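Shared chain: chain A. Partners: chain B in the first complex, chain C in the second.
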Partner chain A sequence: MPVKIGIFLCDCGGSLRNIDFPKIRGNLAKLEDIAFVEISHNLCLEEGEKAIASRILREKVNGVVIAACSPELCEDKFIRLLEGLGLNPNLLSLANIREQCSWAHEGDVTEKALELIRMAVNKARLLQAVERGEVPVNKEVLVVGGGFSGMKSALELSQFGIRTTIMERESTLGGKLKELEGFYGLETSPKEMFSSMTRAIEEDKNIEVLTSAEVARVQGEAGDFTVKIRKGGKESSRSFGAIIFATGYRTEILPQDFELKPGVNIISQQKLVEMLQAPERLERRPETIAFVVDFSDENSRLPTLSTLNNALAVKEKLGSEVYVFCKNLKVDSEGAEKLYREARERGVVFLKFEEKPRIHGEDSRVKVEARDVLLGEEVTLLCDLLVAEEKALPPEGTKTLSSMLNLETDTQGFYQDENVHLYPVASGRKGMFFVGACRGNLDLSRALTDISSALVSVYELLSPGGAMVEVEKVKADSQKCRTCLTCIRICPHKAIRLARVDSEKWVAKIYDLACDGCGICTAICPAKAIKFEGYSDEQILAQVEAIGE
Partner chain B sequence: MNKATVVIGGGIAGITSALELANSGFRVYLIEREAAIGGQAASFCCKATEVCTKCSVCLIPRKLKEVATHPQISILTNSTVSEVSGKIGDFKVEVLRKPQYITPERCIACGMCAEVCPTEPKAILPPSPEAIPYCYVIDETRCLRLRGEKCNLCQGICPTTAIAFDLKPERQELSVGAIIVATGFEVFNAREVGSLGYGRYPNVLTGLDLERIFNREGYLKLPTNGKEPKNIAFVQCVGSRDESHGYCSQVCCKYAMRFARLIKHQNPDVQVTIFYIDLQTAGKGFAQFYQECQESIRFIRGVPVEILPTPSSKLEVRFENILAGKVERETFDLVTLSVGIAPRKDSWDLARILGINLADYGFFDTKEPFNSVETNVEGILLAGTCQGPKDIPDSIAHGMAAAERAMEVLEKCQ
Partner chain C sequence: MIMGGNNKIIAFCCAESAYRAADRAGRLRIHYPDNVRVIRVPCAGRVSVLHILKAFEKGAAGVLVMGCQEGACRHLTGNIRAKERVKYAEDLLKEVGINGQRVKMVNFGPDMAQRFAREIEEMVEKIKEE
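And then the complex of A and B:
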């Protein structure tokens, strides 16, 4: 079919006075393939849109050039207009003659405007329609990790009737929730939360639980992931439309210069929780307990929260003297400042130092030494129990899983890159999401927000029309592809795989739903086999040729 | 059963909720009190040095554009909610729309009205570059016509008949299934801490002032003489973690450090000092950023109690240096107060209209602990800083969470 282009020029209510529109029209009308050049005053308004529509329908063009204001303001409007007329929106080519031309310069800019429009015309000649189509998606979701975030994710998904499989590495669900003592000042306890969630999961027909199971391999793309699950030495395959990672965090006691002696009580938060859960089993009540937090690890939001909660629990259940040695108290989570105030009111003493206190064992007690700046001298505290500083770390296996799946991690090793353009919970791969503490130091309130956020995205993907794509907007030419695998290695979204074309040849295939349209593969392909419609070499060069013609 | 949602507030949380709902096929009415959506964060500046410092401000324009052109979203600017009745799945929301004189749907921002406006400075102002809708605004205090004189120049020249002076406030009733409240925050008014001299000494600024100055000018100069300040202090926790604001605002340490880095990047000779109580560095990648800051920025533990002018028109800051254990004084050219996030003063009115509870300090209250989205009224949900302090990424996550809850409500009510 011969190219037939319609050109619409907008003079923005007659305000673009430094452009000679009739002159431009005369010039453009002489070009080949042009069906008409129409000057309008208000393309972005209802009457302008109507004018575009009637002219396009009358002249039956197969290419449209609009020279108007910034695409930022009007592109979406025009795309929708063309769609409504049954014309493929990819056949639209825009020239910004207001912000980037008329407004940017003093004096007459007719020549520049003409060049910008001619560039758009040259591009329009080569544009090809890109159809939209829906990719079939599997409606089941895999949740990796059976702690608080994982359990809650599955329960929430079930509210939308989405079938979910929870995969947990340990033999039981619950994760860190089982290691928390309490939420000070709240009626609900971690224990109750855990048991009510477990009950709900057991009764829920939409949720399947696989314990002692691990991800061995994941293939495929959003909408159709094939997951190899390792359980009890055996591997089995299952298909899912989306995967939510809720692998949580682990804590580790930071190595400090302890001079430990047998019988000296330096313990972890978890050990303290065990003591608090059964205080009657203690041989004797500890008179003095000290906590150490935030000296070696800046990312101490979660350790600070457990310190505050546990310090208050000690006060309540054991009545001991409590000291908290810290550098900066991390109170940037909901309710943390309130806990801190409460703790101080209950007599917990907070001692802030820039330098780490020195800790020794002394008979059966622990000696904490630090320099008190107010007194200007060394102070020593003898305590019965010292709760050591802990660091929140990504759980075991995060590195293996992230490199296997091409998922990004931050400098701490937690999931999700420090890239602000990745919205919360999103990953570089479509259909894969991170929720809760596995993507950083997130407290329960933030984790719950995460779960809901991930759910919206999953819901969008799995609901009808959610997997609409532009079909083969980026496409590898099977004739030109030399199967060098460069694109497969470089694609940050794992959107390219090998596909068999005949008995001998495999070529790169780009999966539309997984593709983010970044264009890296197009630029890097040594055989120039990958074409990004709208940005092909011919289309770009044709635009450049229009300059200074 | 109604599948539409009203989102009250067009800031980052509100527009996120609106977009997520609209993308899932639900109808949304986005109600904004101001003439343009975008909220407070839209006026913030990019804080990149040679690298991006991840302040997230750049996420907003993109979202605004999507909202503006989304066929499922109706934006009602200059509007407030005046009455709400009904219950979950079937709310009636009465919206009051103030006249705007220039109709956003008709304005093409050609600027001819401002050209002919006879007052000086002009009474018709161009929209800020990021404003959505991109529409001129009339300043009622300067416009001759609105002050009772005879002037018709702008109306005469407007090519799209977008200007009308005889508009009356409009009332509109919307039927919706769920309501998302995303009314945002108020920046703490630093004048309330009189001893720090904000409003009295021109070289005492707030974090918000800095955002606007950098957005407009791109660099910092002394309000008094236009010269570059050589010695700058930041004071943390102004309006946070005190008796009437018993919470951490969660954003001030981060923006102060980002500004400090930006200032040092523009001129390494400038001295920057940050006074703090506890540094909050727990955000993603922020611990490393703090380490880098420590190389060039001075951190002093202790919050200033008083700021006084010196005869040489500098500012003397008196503070307790907690680590040194004594009260000290130092002079600076410019002091920035890192003001925190406070609840909106009019939250009380909206709480009464909606029948939802207020929590400590005046933020909207939630139904149960940890669940920061649901209120005591079923079907009314919270998004963003109207529930409590949040940074931009947290507000986006919260906006998405509120959208998810609203979808659940709408699905259930079918």
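And then the complex of A and C:
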């Protein structure tokens, strides 16, 4: 079919005065394959849309060039318009003559605008229709990790009728919930929350729990992941549409930074919580308790919260004197500032230092010495118990899992949370999400926000039972593919796998739903076998060619 | 040395960052030389050595490949691959006697409009000097 291109020019309500539109129309009309050139004042308004619709239907074009504002603003609108007219939206080519032409330069820019439009016309000549189609998706979700974030995610998903399997490495659910003494800002205690959540999960028909189980292998793409589950020495395969990682964090007490050895008098937060949960079992009530926080790691949101919570609990249950040695107390979590004030009101003493305190064991007590920057004096404290500084770290196995699944981790080893394009819960792979503390030092309210965003993404992906994709927008030519595996190795979204296509030959196959359309494979393929419709080599070079004309 | 008789600059702009920076420059009316032609690509990693070399063949005086900041690529490694390719193209161009500074990789955030304008100006200056 011969190419027949319709061109619409928009002068943005007559405001683009440094472009001579009639002159452009005259020049463009001389080009080959052009059916018409129409100047409009407001293509984005209803009248403009009507004008486009009637002209396209009348002239039966198979390529549309629109020269208007930035595609960032108008592309979606025009795509919907073309779809409504029964024209394939991939036949649309846009020229940005407002933001990147009229507004960006002083003086007459007619020549540049003309060239930008010619670039778009050159591209439009080569565009081919890309059909949209539905890919069936599996509606079950796997949640890896059975702590607060994992349990909550499963419960929320279940409310939307999505079947969920929680996989927990330990023999019981609960994770860190079992180790916390209190949360601030919530009516319930962690213990109550844990029991009510487990009860809800037991009663929920949509939730299945697998304990003492681990991910051994994941194959497939969004909508159809095949997960090998290792449980009790045996491996079994299950299919899921999406995976939520809620693997949480672990804490490590840091004796190496202080040259301390944990002992009877130097304990972890968890040990303290055990004491607080059964105070009657203590041989002797500790008179003085000191906490050390945030000297070796400034990224200490979670350790600070547990310090504040536990300091208050000590006051309440043991009535001891409490001192907190800190450098810069991190109170950026919801309610943490109030928690800090409350602790001070109840008599917890906060001492601010610049340098690490020197800590020695002395008989049955611990001596802490340091220079207080506010008093300007050396302070020495003898305490019965010292709760050592803790650091929140990614849980064991994060590294293995992330390299197995090609998921990014940040400098601390948490699942990547710094990439602005994926923030907050998306990963480089479609259908895999991170929630809660596994992607950094996240407190409870932040974890809840994560769960909501992951829920929306999962629902969007799975709930209709099928996902709309552009079929074979990126496609490997099975004749040209030499099975070198380069694309499979480099695809950042793991959207390419080997597949047998009609014959004996194995070739690269790109899975539309997992593909994010970056074109890295198209650029790298040594056999030039991969075609990215809309951004193929020919289409990009056709635009380049317009500059010489 | 002006090649092919024109002094145009081709800027391959990542749709996630540099293209938005260019839009923003327009919105803020930050003016820059009008001989730049932006080609929108989904990721800087889409740009191959072929595209850069063809641009020079067609008469461009300079080529800019503009992607996201390192560590902030939506496609994780696209901008790093682009950087490697730009380096490769630079070496090839040097061999045939075209100053390596005529092709450049730039990393952007979508809000860095001033920087976009400055990069274009710098490239134009470089071309004028020769």
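Throughout what follows, the second predicted complex is superposed on the first by the 501 of 549 C-alpha atoms of A that agree within 3 Å, B and C clash if a C-alpha of one lies under 4 Å from a C-alpha of the other, contacts with A are read in each partner's own complex, and residues count from 1 in each chain.
The working rule: a contact is a pair of C-beta atoms (placed from the backbone, for glycine too) under 8 Å apart; a residue touches a chain by one contact, two chains touch by 3 or more.
Because the structure is a prediction, the values reported are computed rather than measured.
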item: Touched partner set for A:493, first chain B, second chain C, both or neither; value: second
item: First (chain B), second (chain C), both or neither touched by A:143; value: neither
item: Touched partner set for A:72, first chain B, second chain C, both or neither; value: both
item: Which superposed partner A:5 touches (first chain B, second chain C, both, neither); value: neither
item: Partner chain in contact with A:243 - chain B first, chain C second, else both or neither; value: neither
item: First, second, both or neither for A:109, with chain B first and chain C second; value: second
item: Which superposed partner A:324 touches (first chain B, second chain C, both, neither); value: neither
item: Chain B versus chain C as contact partner of A:418, first or second or both or neither; value: both
item: Partner, of chain C and chain B, that touches more residues belonging to chain A; value: B
item: Touching partner for A:80 - first (chain B), second (chain C), both, neither; value: first
item: Common ground on chain A, meaning residues reached by chain C in one complex and by chain B in the other; value: 72, 418-421
item: Chain C to chain A touching residues, read off their complex; value: 4, 6, 8, 10, 16, 19-20, 22-27, 29-35, 37-43, 45-48, 50-51, 54-55, 58-60, 68, 71-78, 81, 85, 109
item: In the complex with chain B, residue positions of chain A that touch it; value: 12-16, 41-42, 44-45, 69, 72-73, 76-77, 80, 156, 159-160, 183, 186, 188, 297-301, 328-338, 341, 352, 354, 373-376, 410-412, 414, 416, 418-421, 423-425, 439-441, 444-446, 448-453, 455-457, 459-460, 463, 465-466
item: Complex interface listing, chain B residues touching chain A; value: 20, 23-25, 52, 54-56, 58-59, 65-66, 69, 71, 105-106, 108-112, 134, 158-160, 241, 246-248, 250, 253, 278-288, 290-291, 301, 322-325, 360, 368-373, 388, 393-394, 396-398, 400-405, 407-408, 411
item: Interface residues, chain A side, partner chain C - complex; value: 70-72, 96, 98-106, 109, 112, 115-116, 119, 408, 418-422, 428, 490, 492-493, 516-520, 522-524, 532, 535, 537, 540-541, 543-548
